[in-house]
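Both complexes shown next keep subunit A, but they swap its partner, so subunit B is in the first and subunit C is in the second.
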Partner chain A sequence: MQNQGRRVLICDPTLRDGNHAVRHQLTCEQITKYAVAANAAGVPVIEVGHGNGLGASSLQVGLSKTDDKSALEAARKALTTTKLGIHIIPGFATIKKDLRLALDVGVDVFRIATHCTEADITERHISHIRGHGREVYGVLMMSHMASEAVLVEEASKMQAYGAEGVVIMDSAGAYLPSDVTVRIGALVNTLGIPVGFHGHNNLGMAIANSIAAVNAGAVIIDGTARGFGAGAGNTQLEALVAVFDKLKIQTGIDLYKVLDAGDVAEKYLIETLPTISSVSIVSGLSGVFSGYVKPVNRIASEYKLDPRDIFFELGRRKVVAGQEDMIIEVATDLSKRG
Partner chain B sequence: MRVNQEKLKVAILGSGNIGTDLLVKTLRSPYLTCALFIGRNMASAGMRKANELGVKISDQGIKAIQADPACCDIVFDATSALAHLQHWPILAGLNKHVIDMTPSKIGEMCVPSINLDAESATKNINMITCGGQASVPIVYAISAVQKELEYVEVVSHIASRSAGPATRLNLDEYIETTEAAVRKYSDAKHVKAILTLNPAVPCVDMQTTVLMKMANPDLDKISISIAEMVSKVQAYVPGYELRVGPVLENGRIVVTVKVCGLGDYLPKYAGNLDIINCAAIAAAEHYAKSRA
Partner chain C sequence: MSKVNMIHGAFVEGDLNRVVMPIDLSQLNNSCVLITGASGFMGIWLTELFNYLIKMQKLNLKLVLLARDFTFAKREAQHLYEQNKNINIICDDIRSIHELPEDVEWIIHAAASPDLRVHNSQPIFASQTITQGTLTLLECAARLPKLKGLLNISSGYVYGYHTTKELITEKSFDGFDPSIFSVAYMEAKRYAESLCTLFRNQFRLPIINVRPFSFVGPYQSVDAPWAVNNFINDMVNNQSIRIQGDGTAVRSYMYGADMAWWLLNMLLRGESGRSYNLGNPKAITLKELAEKIMHLSGNEIEINHSRALLKSKPSIFVPSVDLAQAEMGLRMQFDIDEALSRTIQWYKQALV
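So, the complex of A and B:
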């Protein structure tokens, strides 16, 4: 592959996806510490907020310790060159409650996310941000659940609404590199806007999948410090930057300083370093959202069930992100089955 | 048994999923008849269905009612929240009773198991949202026996195929209207509504979970109150079913209901369409009976 002179935009959702790993308990102090480190490293964009994005603090997914406004303001103050980004999912967040707040606080990059087959629910949110002249991307979550043809159709809708790029997420960490090559390739060949990839590491494939994405033409890649994120974690940012350096793919990020940012995350943000636990592997195999690991483990222990059985049953029922209440229903049904 | 001429004449404005399913339910009602089914495109699936059923159709939108105001006593507006803002002043001017199926929040909210007589106070009653019709009875039943609810959250999942274009465009209004209804019927300090579309095939049934935080919950009292309410709802929504709870999990009271539809226009998984339409039919029949 001819990577010479290729450049990718790194987006770092440590302060958003990482929140899943600490039950959405990140504080303003932690946000400030990491934002300063990422800014110093020249990370182009960081994302801040509840694990499911702005407006998602809930009993369903978990209540945030820090309200969205305080979290965004803390990050805003800490950043000079790095852009401040948010993730929002229509159905959790609304224009009036959440996008307006983000616009007021001075968020630079808006990533409007939805389940991979439901792009049309992002129309008003994407066009609202375009109307305000801010940078806006479409995000298709749980993208392993759709074929490349469906992803192309959905991403094309986001492009028509005004998205300046489309990122597909491997939210369950279910992909192998060949899956990524096919999907990213199809999107790059069809869309007239940049294409991105957001990996999870349930099957140990996050870095390999990110390389496959770039080789297939992706120009936006997500990664988090130490892989801080739901379940087995995300693509590890520091390793990603090092690998891209080796492949002569430019990121504009200072290697030593991003390693320092990783150390900051480990010291101040992370309770338990992400690991590919048995349950995370099952989450990847069953194609269930990585964010379900903590509630599944908790409910499995309360109902005296094997969390792996819960994951496979959730996978059989094809749950998507945002259906955490199904875990109790599945646990109840499995208990009855005995 | 009533004869046809005595039935209340309704016009259905909007030929999408909601409007077409309402048509099938209206035609089955002993108290209602559909005098006019109105869309914008003669070739749409809903218009073709109405034509097959022998119902008078028009592609002229609200103008069809303006051109012949005497055609109906009551109008179901099954268009969109934005369209209803324009339709309501016109329909009010024509002195029509309106049952608003959109989350416009203009009219008096109505949940038949709680306030079936909402129309006695106003000519515009609002059927809230599908998630509102499923969750508010549970929220109301709990708040009847448990004072000072600290936080109430209602989370609904619906099959992607059951959500038409207006539903998708109105997601923000769905959330705002559902939250307003939960606030009104519970007096909770904080409320939140969440909607997720699930594209799984075969399609998932509509499901709504109520999650609450409160001081000193009395699960026995809550269970009894919910059971009574569920049977009240089942009187007009036969597929309404308690699936989980109430259980206390991780400091939260959790109650899940499922709605299996009647399969009138869309398949049974579209319980979201079924529950709001069953509620609207119950309200319209109540009005018809009160006039008789």
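So, the complex of A and C:
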């Protein structure tokens, strides 16, 4: 078999990206329950925290029910073999306030994320973590907004800063497999470090895109239980592991136990199972971050507008995660236009 | 002066005792040497060497040290700068200078950051410092009445990326694509060498290019983004040593004291118009390097490959130094084991 012996590292952000789907309201009890299940399944890395990462709890992008320290400590206690990871966006998270906390709590894997054209701002965070001898990866969000050449340049910067791998995120679920093949292929051909892919399912392509990523040379793939995550959800972890099993791609994850972990997530974490709603599809088509779905729906209702119109206008303005303030501006402009 | 700095001074003096050989230094006596980029690893080691020669060989020598910021240098080598009447410090950007002290006879032009992080975060600044900085310096040098020698510190990266096992000689040029953002440093260094060629031709300036490879030793920042620094940093902090990729990348390391001595020889004894490689020709894989550091630590330190999910692309960066050895009879006094051992000792002292 072509894939015999191939291995990928699965990273599971259920307890981080999933927080988007419940307005960042996950509790320590829920975190513990899922962390125990993921650990039992042999998931290599789980990410924990606010949907936008460490230090992001705010009025602008949503207040967390559980503070970062409590969330990380709850997960830390529950994990024996699975590594504890966090997602960090410099700006939300500072070295002194947040990274130090994460280092003290014993976080194993740090994923330093930025908009896909702004890798420069990750230098200090990546270097700081490297200096402490922990695993650190670069993450390029909203990667559909940049050409493969720009992604290569930005990822090269992260490599130069000391990142041990670079993951591109399809934050808006906008990719088709051919888009993934081109971008991952360019990164794999250029970088000397592992390349990863984080999918969203707005256009129903998350699993297919993840397979395309692996076929193009990616060795880190993200997936969440039941696809629990922003917008239409992420690549569904249980399905991903099953598909990789079928393709003879090794993940080191126990299939039955990861199916059990999915059940745990559905029972204890998820309020509404992710579906590809009309608005999510529009989010994917317009290339707007999946995490905008809930606030767009809320503001559309308030302004008596069609949320799809808001999405297409946001897409035209090329908004990125963290610019949620723009939703009201767009809604106001659309209202004036009648 | 702090106790640590006194120890640093004695430590480096011990290293220089080993590398300094009996050569004719009379041309240096009663002269003035300018070092640009004097606050970096290379600049501090050169200052240490000249200071050593002033002290031990009773040379009458004036040093002019130029750099933008001496904070790191003064913290790490306070013994060098405190009340040293032989040293004149100029805090300025190499791109901004208009005139050099007219008694300057020797120049070692080392102003540029070799830090990959700077090349990537501030590529225009990094490139300008090299190209515009070199042009500015050469224009000033052309007006010096007594200039005897100018050593342009280029880079081993001017050869491009090497993937074959052969040592890189002074003729091993490969092309690289200038439209790729990350080659800007190499392009800038190549252009700086071209500028030197033009000034040597048009103004008959006595210029020698040196192409440094990889180094290790005191005065390197422990958080510098190179494998050897990362490994030593991991080791002195009692953390597992982390290797990116599968550890097959090949490097070589020359100790700081050897580097400084070789540079002085190239300045005084090299042939104008020549380019010399500078580094250790003895190759070592990153895996072997990590194992050496682990053994030298004397502790049970784990070595982790960065998940080894990826077979590393061939990466070889090792110079041939046959030319310098043949012309000047240079020999390295510190092999890799001693170089690492001394460096670790230094960092441990600094931590204490």
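Following the convention adopted for this analysis, the second predicted complex is superposed on the first by the 337 of 338 C-alpha atoms of A that agree within 3 Å, B and C clash if a C-alpha of one lies under 4 Å from a C-alpha of the other, contacts with A are read in each partner's own complex, and residues count from 1 in each chain.
Going forward, a residue touches a chain if its C-beta (ideal position, glycine included) is under 8 Å from a C-beta of that chain, and two chains touch if they have at least 3 such contacts.
Keep in mind that what you see is a predicted model, and the values were worked out from it rather than measured.
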After lining up the shared chain so the two structures overlap, which partner does A:322 touch, if you call subunit B first and subunit C second: first, second, both or neither? first
If you stack the two complexes on chain A, which partner ends up touching A:120: first (subunit B), second (subunit C), both, or neither? both
Under the stated touch criterion, name the partner, subunit B or subunit C, that contacts more residues in subunit A. B
For A:153, select first, second, both or neither according to whether it touches subunit B, subunit C, the two together, or no partner. second
For A:96, is the partner it touches subunit B (first), subunit C (second), both, or none of the two (neither)? first
Once the shared chain is lined up, is A:332 touching subunit B (first), subunit C (second), both, or neither of them? first
In the superposed arrangement, does A:59 touch subunit B (first), subunit C (second), both or neither? first
In the superposed arrangement, which partner chain does A:130 touch: subunit B (first), subunit C (second), both, or neither? second
Applying the document's definition of touch, where does A:267 land relative to subunit B and subunit C: first, second, both, or neither? neither
Could you look at A:164 and tell me whether it touches subunit B, subunit C, both or neither (first, second, both, neither)? second
Show me the subunit A residues, by the header's touch rule, that subunit B contacts in one structure and subunit C contacts in the other. 120, 123
Interfacial residue positions of subunit C with respect to subunit A in the complex: 116-117, 119-121, 181-182, 223, 225, 230, 233-234, 237, 239-240, 242, 244-245, 306-307, 309-310, 312-313, 315
The residues of subunit A that touch subunit B in their complex are 58-60, 90-92, 94-96, 115, 117-118, 120-121, 123-124, 145, 298-299, 302, 317-323, 325-326, 328-329, 332
Quick check on the complex: what are the subunit A residues that touch subunit C? 7-9, 119-120, 123, 127, 130-133, 135, 153, 156-157, 160-162, 164-165, 192-194, 219-220
Considering only the defined contacts, which subunit B positions touch subunit A in the complex? 151, 153, 155, 157, 160, 165, 168-169, 171-172, 175-176, 192, 194-201, 204, 207, 209, 211-213, 243-244, 247, 249-250, 252, 254, 256
